[in-house]
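The first chain written gets the first letter, and so on, giving A, B, C and D; residue counts start at 1 in each chain.
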Amino acid sequence: MAQNQENAIITSVEQLSAENFRMGFHAPKIAAVAHPGQFVMVRRMGSTDPLLRRPFCIHQVDDDGGLQLYFKVVGRGTKLLSQLTLGEELSILGPLGKGFALVNNRPACLVGGGLGIAPLLFLTRKLAEGADDPSQIRVILGGRSRAEVEPLVADFEQYGVQVFSTTDDGSFVRKGFVTEVLQEQALVADCQVYTCGPEAMMARVFEHCQEKGLACQVSVEKEMACGIGACLGCCKTKADGTYTHVCINGPVYNAEELQWKK
Amino acid sequence: MEKISEGADLRVDIGSLELQNPIMTASGTFGYAREFSQLVKLQKLGAVVVKGISLRPRPGNPPPRIVETSSGMLNAIGLQNVGVDRFISEKMPYLQEQGLPAVVNILGDSLEEYRDIAQKLRGVKGIAAIEVNISCPNVKKGGVAFGTNPEMAARVTRTVKDAADVPVMVKLSPNVTDITEIARAVEAGGADSLSMINTLIGMGIDIKTRRPSLANIIGGLSGPAIKPVALRMVYQVAKVVSVPIIGIGGISSLEDVIEFLLAGASAVQIGTANFVDPAISSDLVEQLADYVQAEGLSSVRELIGALEA
Amino acid sequence: MEKISEGADLRVDIGSLELQNPIMTASGTFGYAREFSQLVKLQKLGAVVVKGISLRPRPGNPPPRIVETSSGMLNAIGLQNVGVDRFISEKMPYLQEQGLPAVVNILGDSLEEYRDIAQKLRGVKGIAAIEVNISCPNVKKGGVAFGTNPEMAARVTRTVKDAADVPVMVKLSPNVTDITEIARAVEAGGADSLSMINTLIGMGIDIKTRRPSLANIIGGLSGPAIKPVALRMVYQVAKVVSVPIIGIGGISSLEDVIEFLLAGASAVQIGTANFVDPAISSDLVEQLADYVQAEGLSSVRELIGALEA
Amino acid sequence: MAQNQENAIITSVEQLSAENFRMGFHAPKIAAVAHPGQFVMVRRMGSTDPLLRRPFCIHQVDDDGGLQLYFKVVGRGTKLLSQLTLGEELSILGPLGKGFALVNNRPACLVGGGLGIAPLLFLTRKLAEGADDPSQIRVILGGRSRAEVEPLVADFEQYGVQVFSTTDDGSFVRKGFVTEVLQEQALVADCQVYTCGPEAMMARVFEHCQEKGLACQVSVEKEMACGIGACLGCCKTKADGTYTHVCINGPVYNAEELQWKK
């Protein structure tokens, strides 16, 4: 694990919907070693409030040191982030955590809900690059409405994967939950499922995988202070009742490792 | 980047313990140092204080354990740690290899536990000092924290002092009416130095769920928010004790470090700031060297207690 | 802008005192209300607490008196005020004209002073309550603050209670080991309600001059930085007393107000936030009304102590 | 006194030197009632650090609701302010305090040092507007070096007043202190002196005025929390040893009212 703290310049800002933003940074050291499913912790300098860094999945990296985040404005930190403009500087710490275990050349199904779509783009690219037939990779994108899904579809389709979209309100493609789309896929037993999204959604995806005997990797969230295993703040209960620290043991887990609320 | 001033004399004495400089990291905020190995220049640090160690392993509190506050954070980690035996076998070797002066923060439910931990640490290579966390509840006394009662604070100090073979630093709780009373008691109990302050007790509420933000309901407040309280306590205690003081509380910049030295601290510990900027501790060593040089001081010691008040 | 929800019942009871809503302003941060007349809708406030009044005029401390800290500020105003007589003749008339429920914050060096002020305030129109600041040093007891000793706190409470003809609210100092002990003593002393917290004691240093940032060396820390400590203390005290509590400490948003209500406060006081946004107190009344309505509550009282813990 | 709190949009940003900025705002309510020598208190929203508003003299106002500040980056608050860009919003409270007492149609001499130049531009305009012969108004601008003085000269000259410049290092016009220029003016006895700048400079200007029997108004600074007389934080010692509150009784005083360090 090569961790870095970089002062990264903002190279792009896209507002994908009222609350969702995609931002590009020049963060060559982090981009060079990032793995899908890992995250970074971001901080604006010059003020002690908000104090702590904010964690975000690595949405995408490119070969020129570019790193993208895809985030939603939910509170003060993300609000301030969304107000930054091209050329401004941010401190980025990463890459952090354990990412997805890439299972190449086996059918894959990626299920993202809302902001859970964030880590799946980088993952899709890596899986597609390692696949003989990228069309065997299915990506299910769900969101509350059109704005959470539509702007991202083309980014996934460029890799030649099959993209299925669904929205809670039916404003884009079809009305329904990602799990319904997942059920229809009739996935083969050696298919690897990767999922990220709200806990309740991931719980349902996992339930489906258990029924079908599919391997399921989940990317989870937890409040974090340090991101590097030092504060012991980001603990989550495992299936066996003991604690795991999401920043170093996660954020990606095999779903059966964790305790899921029924 | 490597511009640490050659000539600057940053050495400080914490009783019999000489540190290459006054910058330490605070317990619970720097793991066991290894976590920071790629992000900080460990070799530059004056000393590293490890996460609090208890006699037996502790799982800690259920989540949520942390929540941000204005210029601060609340934590209720619940003293999760691997216990003293595994600490010695699993965590100390890295600190020994790196040659890092390790200060071992210890905590217990009873005087016996404190004593037993100190005994187990006897003879372990690389331990520069023991830091006694007396903010813990004394189970036998109905859970009142050792550090809030002068008598209990003195007794736990004496107990560890008698059992330990390294200097004993006692870490004071700020949640008291008169910090100087506790400080004097701890000094009389045999402490070689005092570190202060531990966290203030605080609380947060999530109005959406109408529940406390922390599963433990209350937690420890740290970060820049508490700096004025910490600085005041260091200043007050420095006037009444003769043992060295290590200042802790919200330190996040060179300016903060100097404020604590001027107030009477001989060294400082960097806590929450390590989360904000993992490189800060060794950066502060370099900045302090530059400052000492720029101010034309013969030694950083000239700053200690140099407040004009 | 005028969108205060019609239906929302914001009334709260502070003992025998009914307020139209739980939003008050804190002593020393709102002058005598007139200063804010153009910037806030005074009529909307639950009550106004005036700057602390002593028996005789006090000039206050020399400058510098204030310094900013991370998410907070330190003040050492030194209780500058015009004295109770001029307060009644010069400051009360405006409050009376406006029909603002005025809570008069009083302070003294001795029990006699507290008594005398309370007596002078007898019969003065427009006084809704007396708030007793017990964070002041008791000159006869060597300068130990009344509020740090349960017995002294109870006696000053009783003294004012006996002399006053309006409800007595006692304002607790947070600089104590066990706030519940003081709270219980004050309740036993006859307090009709408790307001909490006053400022934490803190300090700042100017490293350029190597002098304290405040001429008085130490000062009171207020603002968002102290909110977690205040909230914790309100929560702890609410569990052990039966008189109403007025929450104070860093309150700057609707969310903060609701947190204090959930923790057990029946009303709140807005302090330092008035400096940051002079319109905030009446804005919070409107926001609270909207919240009560949006949440479908029959009364704001439903929030008081409704924390699920 | 009509006080307002306005959310004001930034309409111009000029960087006059490495550390000195001039910023324009649309603050029509405040601009409409502002008087020279008054000040405003400014806050960036969205963070509790820095917490308190920062006081700045009103540098200039125009008839279209424009209000200008001229400030120097000295700490975190001014740093953040300097980083704001066109269109961003700030909360401005004002106008505050008592401004200069305008003595029209008498010779006037304005002495500004460094950032003390800030309030003198608005004052110059008002005095010039009220004067039969603006050239009887002298303005002495001093600074440490060229960057603190030169960019402002034309702004003053536009009102037909006499402008004298001086710099500590001689990098612009002449080397020396404003008091030297003042001495050379041989001001008539009914001349009104207005000054703003570092305390030591104002003390010397006042000393000169006392020697020559000239009336001298000074604009002073003090740490402030509220700006409206509520916190009692901004106290300054008067000549008689009692305290005055700069935010409501000042920031402009007759120099003899105050205590001056010798």
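The criterion applied here is as follows: contacts are C-beta pairs under 8 Å (C-beta built on N, C-alpha and C of every residue); 3 or more make two chains touch, one makes a residue touch a chain.
All of these numbers come straight from a predicted model, not from anything done at the bench.
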Have a look at A-B versus A-C and report the one with more C-beta pairs in contact. A-B
Please tell me the distance, in whole Å, between the geometric centres of subunit A and subunit C computed from their C-alpha atoms. 47
Per the C-alpha means, the centres of subunit A and subunit D lie apart by a whole-Å value of 53
Here the gap between subunit A and subunit B, centre to centre from mean Cα coordinates and rounded to Å, is 36
Please set out, as single numbers or ranges, the residues of subunit B touching at least two other chains. 69-72, 223-225
Touching two or more other chains - residues of subunit A: 48-50
Which of line, ring, star, complete and other names the graph you get from chains that touch? complete
For subunit A, which residues count as touching subunit C in their complex? 48-49
Give the list of subunit C residues in touch with subunit D in this complex. 28-31, 35-36, 38-39, 51, 59-60, 62-73, 75, 77, 80, 223-224, 252, 272, 274-279
The residues of subunit B that touch subunit D in their complex are 70-71, 224
In their shared complex, at which residues does subunit B touch subunit C? 69-72, 74, 148, 175-178, 200-205, 207, 209-212, 217-218, 221, 223-229, 231-232, 235, 250, 255, 258-259, 262-263, 306-309
For subunit A, which residues are in contact with subunit B within the complex? 1-5, 43, 48-53, 91, 93, 222-237, 242-243
